[in-house]
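Some structures are shown below for you to check.
Here chain A shows up in two complexes: once beside chain B, once beside chain C.
Now for the complex of A and B:
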């Protein structure tokens, strides 16, 4: 921020307040010592955090969410990276056409996608809930895998792979020693985006759940419908802490701004 | 001596453009220990030839021989080539030393052997101090040196240089020419250099092949090619300006510095043709003035003069020494 125009700094602060404003009371509610949702809190106590961490439905849902996010991300990357590679090497027209195809899951309303998958996979094909969830989330994450890794691949010098071949590397060695490491920031960015997207998703997870396969956001939604205690506020606060942790770890590993913002940064600084 | 690289009737069509030949029956030989320059304007096929030699491009027809063995079907990794790319193509995730080590590791060099070769190669280009830097921490000239070190480290059968100096600023490029020449001399490597810069080709190459429209137009030493361009197009490309149709001699070209200006009363030198004309333009060229003379019979002729004494409008006579006239008729078009 330093060195910027004071007006710009002011606008940034207002935007920040607008984003964080509604979140702060949630933290306050979570810290209450009382039994109901109240703000400002009635006395401070970490008791609801302890309750949230010990709440078995939340824990089971968290396990489902983590497993789903990990498996969905892995599948999306496994499918998306070859697509991104193929698109990078293909002509401009094919890249534009097929590239658009792979952004469709972002555009199609998730409820429509969820309902379609529910009908075909769960009703017609009798796939279990986790299988259907995994399929749904993989489709949902595929655009990130294709687009974000594709952007990293497109930025790389196309002569790099030829250079490796010329120096004696086979096609496979070139892929593992040059292509993958060069695409790594893009792969990390795609993975982080995918995990977060999957973890936050409600519409698909709401439609495709079954006994024992409810994700955390859906479980929290159910709890809010029936109970009037600060348990969800505490869980939300913990999720917020997790999001901050993910950001910090990504920053440490690959550089968050490096991973997400480089293109934008160069565009604005040009 | 058996050439290290030999192309025999290599043909290639541009993909998607049937009938237009990128390479039209190219025959080429690169002798051992020499730098052969492929010189031509953009789109003449020079880079395509380099890609065919490297194995990045499988030609539509013809053969590629490396050290006498047919390599036409060999993938790049089995051709033993060291290529310096126009963009350098340094691996961005590896240090300078690891970039240089890449090809050596592929050749199963390990431990002390590997370290020594990497050090030698970086020493050769004067970059031993920067071994631990990543490409983005190096200047353009330093990247160029790392790319060169990486290519020569594997002691390739042939060193391929694709416009290696075109991304450097003019002064540095001229300085790097000397470096390139020195490295080639010290390693004794056979090299094929692609360039569009005739000065670079003249200064670096032992042999020059001039290309146009996918064909080799002329092949010879820099002196042969420069002193006796085989056609008007080549003369044009090499910067000749004066094309004269002299009676009895046909189309000839004469360099501006070889044409004399006759003062009134000067005796006509023997074996020279006199052209009368009017000065139309005068331009300062640093070492002298380029004077354009509109001649009565032969159109504009450029003459090099030490002073600015010839003002536009002056009627003068030029003497063209026949010994300096390079005939362009009766040769390949």
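Now for the complex of A and C:
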């Protein structure tokens, strides 16, 4: 291979170590038998794992986060797939105009959207915290649903649908038997991406909380703000294991880099 | 081409939700001239003019975001290029490793830096252990700590966009330049880089916008002494319930992000003479 520069290769490997390395000490802290975050850890013990999985605020927040990620993803797909369908089948002008409208939620800062929803939905309209969270997450995930399923639909051959219709299939049959299977990889990718985005989100969820309704990352954040103990390290290590599991499942389902390697999908984590 | 009626029916639910849960609330929070609790747009602009905190936080936020963008490019571009030029199997593995951190919440990834940079953390232990420092060092709660944390957070974005950009430059073009006598450096500078520039700019914009709006990292690693626009907005809206100032910060933050996106779009249009 021509022109491979040893210095650049060196920087590339340092970058990779810089990306992955810092997560490792967290596992060490999680396994400590002591009460504080310090190096080296004082003895080894699984006690903080036991405390983390029994910590009621984390469990309640986990329930909220799981419910929110599932409902938000379902809603975003339910609303976004028809939009993607309409945009791939319509003229360039509509596609440019309406398409841009559906990318706006990733451009406006999430913290600003959260603040706006807090004012309009929770204060003015007295919507409860979960309702506001669901509205916010649905809107945040909508761009992914539209663009990722849209990309799958755009790659499909429109003559497939015409052939089905020509052979006497109704519009609905054509949709369920032809269009939906064609869009399936895009739907799977959008779903995985949406669940991860929603589950990890902090800025949007931050202001939208009420009694008993806080998402897991926000709850963990508040715990870190006020207590410097290894409880969060244990929770982080469990989430790390979950991320590894998601990686492996995604690889089996749709190809990891296919789902997470898209440019339009890279705004998803802040 | 479909009937417009079907198109409208398909678009209607999505547009309705977008309007109710996004367009209206954001427009109301940023631009509404109505004399509500925060004094409307005039009140927000008044708070902006009067509040030195906001301007200092804006300058700090832009400084942090610019440094972060530079460092992310420095680390991410070589990695993106290395991945783009690796054989297919290794390419998939390297890309997966570089993207894996994106699956973790920012809370998890920022917490890791607390563990490393804290007073009794890994870094302090190593430095005192090596005799490089005679007392526990404290890097936490400085702008440097925020930049380190954000760089780790956002480098994957540069890797994935520049990997895509470098992959699209056909290797024959570079080989042709070399064959015509260009050095490896010149071939990269004059052929590869201009062709990959739009993709690189996309990555840089994502990082800059991400760093301007990042919340978790400046909160945990910067602390109260180094407020950024995001942590200031949280303080005004969530802690002191000062809506006039919160609205003002939201306005500035949105403005900075939109300005950066517009600048990048112009630079990108210049880079690709059509």
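Basically, the second predicted complex is superposed on the first by the 243 of 270 C-alpha atoms of A that agree within 3 Å, B and C clash if a C-alpha of one lies under 4 Å from a C-alpha of the other, contacts with A are read in each partner's own complex, and residues count from 1 in each chain.
In the analysis below, a contact is a pair of C-beta atoms (placed from the backbone, for glycine too) under 8 Å apart; a residue touches a chain by one contact, two chains touch by 3 or more.
Note that this is a predicted model, so its numbers are computed, not measured.
Chemist: Between chain B and chain C, positioned on chain A by superposition, is the outcome a clash or a fit?
Modeler: They fit side by side.
Chemist: Now for A:92: first (chain B), second (chain C), both, or neither, which partner does it touch?
Modeler: neither
Chemist: Contacts for A:165 in the overlay, against chain B (first) and chain C (second): which applies, first, second, both or neither?
Modeler: A:165 contacts chain B only, not chain C.
Chemist: Given the superposition on chain A, which partner contacts more residues in chain A: chain B or chain C?
Modeler: On the superposition, C touches more of the residues of chain A.
Chemist: After the superposition on A, what does A:54 contact: first (chain B), second (chain C), both or neither?
Modeler: Touch partners of A:54: none, neither chain B nor chain C.
Chemist: Return first, second, both or neither, reflecting whether A:16 touches chain B, chain C, both chains, or no partner chain.
Modeler: Only chain C; A:16 stays clear of chain B.
Chemist: For the overlaid structures, how many degrees, to the nearest 10, lie between chain B and chain C at the C-alpha centre of chain A?
Modeler: 100
Chemist: Rounded to whole Å, what minimum CA distance do you find between chain B and chain C in the overlaid structures?
Modeler: Minimum over all C-alpha pairs: 10 Å.
Chemist: Touching residues of chain B toward chain A in the complex: what are they?
Modeler: So the residues of chain B in touch with chain A come to 54-56, 75-83, 85-87, 89-93, 102-103, 106-107, 150, 154.
Chemist: In the complex of these two chains, what residues of chain A are touching chain C?
Modeler: 1-5, 8-9, 11-12, 14-16, 18-20, 22-23, 25-26, 29, 36-40, 75, 79-80, 82-83, 85-86, 89-91, 94, 98, 101-102, 104-105, 107-113, 115-121, 135-136, 138-139, 142, 146, 196, 199-200, 202-203, 206-207, 217, 220-221, 224-225, 228, 232-233, 236, 239-240, 243, 246-247, 251, 256-257, 260-261, 263, 266-270
Chemist: Which chain C residues qualify as touching chain A in the complex?
Modeler: My answer: residues 1-2, 6-7, 9-11, 13-15, 17-18, 20-26, 28-30, 74-76, 78-79, 81-82, 85, 92, 94-109, 111-116, 118, 120-122, 124-126, 151-153, 155-157, 159-161, 163-164, 174-175, 178, 184-185, 187-188, 199, 202, 206, 209-210, 212-216, 219-220, 230, 233-234, 237-238, 243, 246, 250, 253-254, 257-258, 261.
Chemist: Help me check something: in the complex, which residues belonging to chain A touch chain B?
Modeler: For this pair, the touching residues of chain A are 156-157, 159-160, 162-170, 173, 177-178, 181-182, 184.
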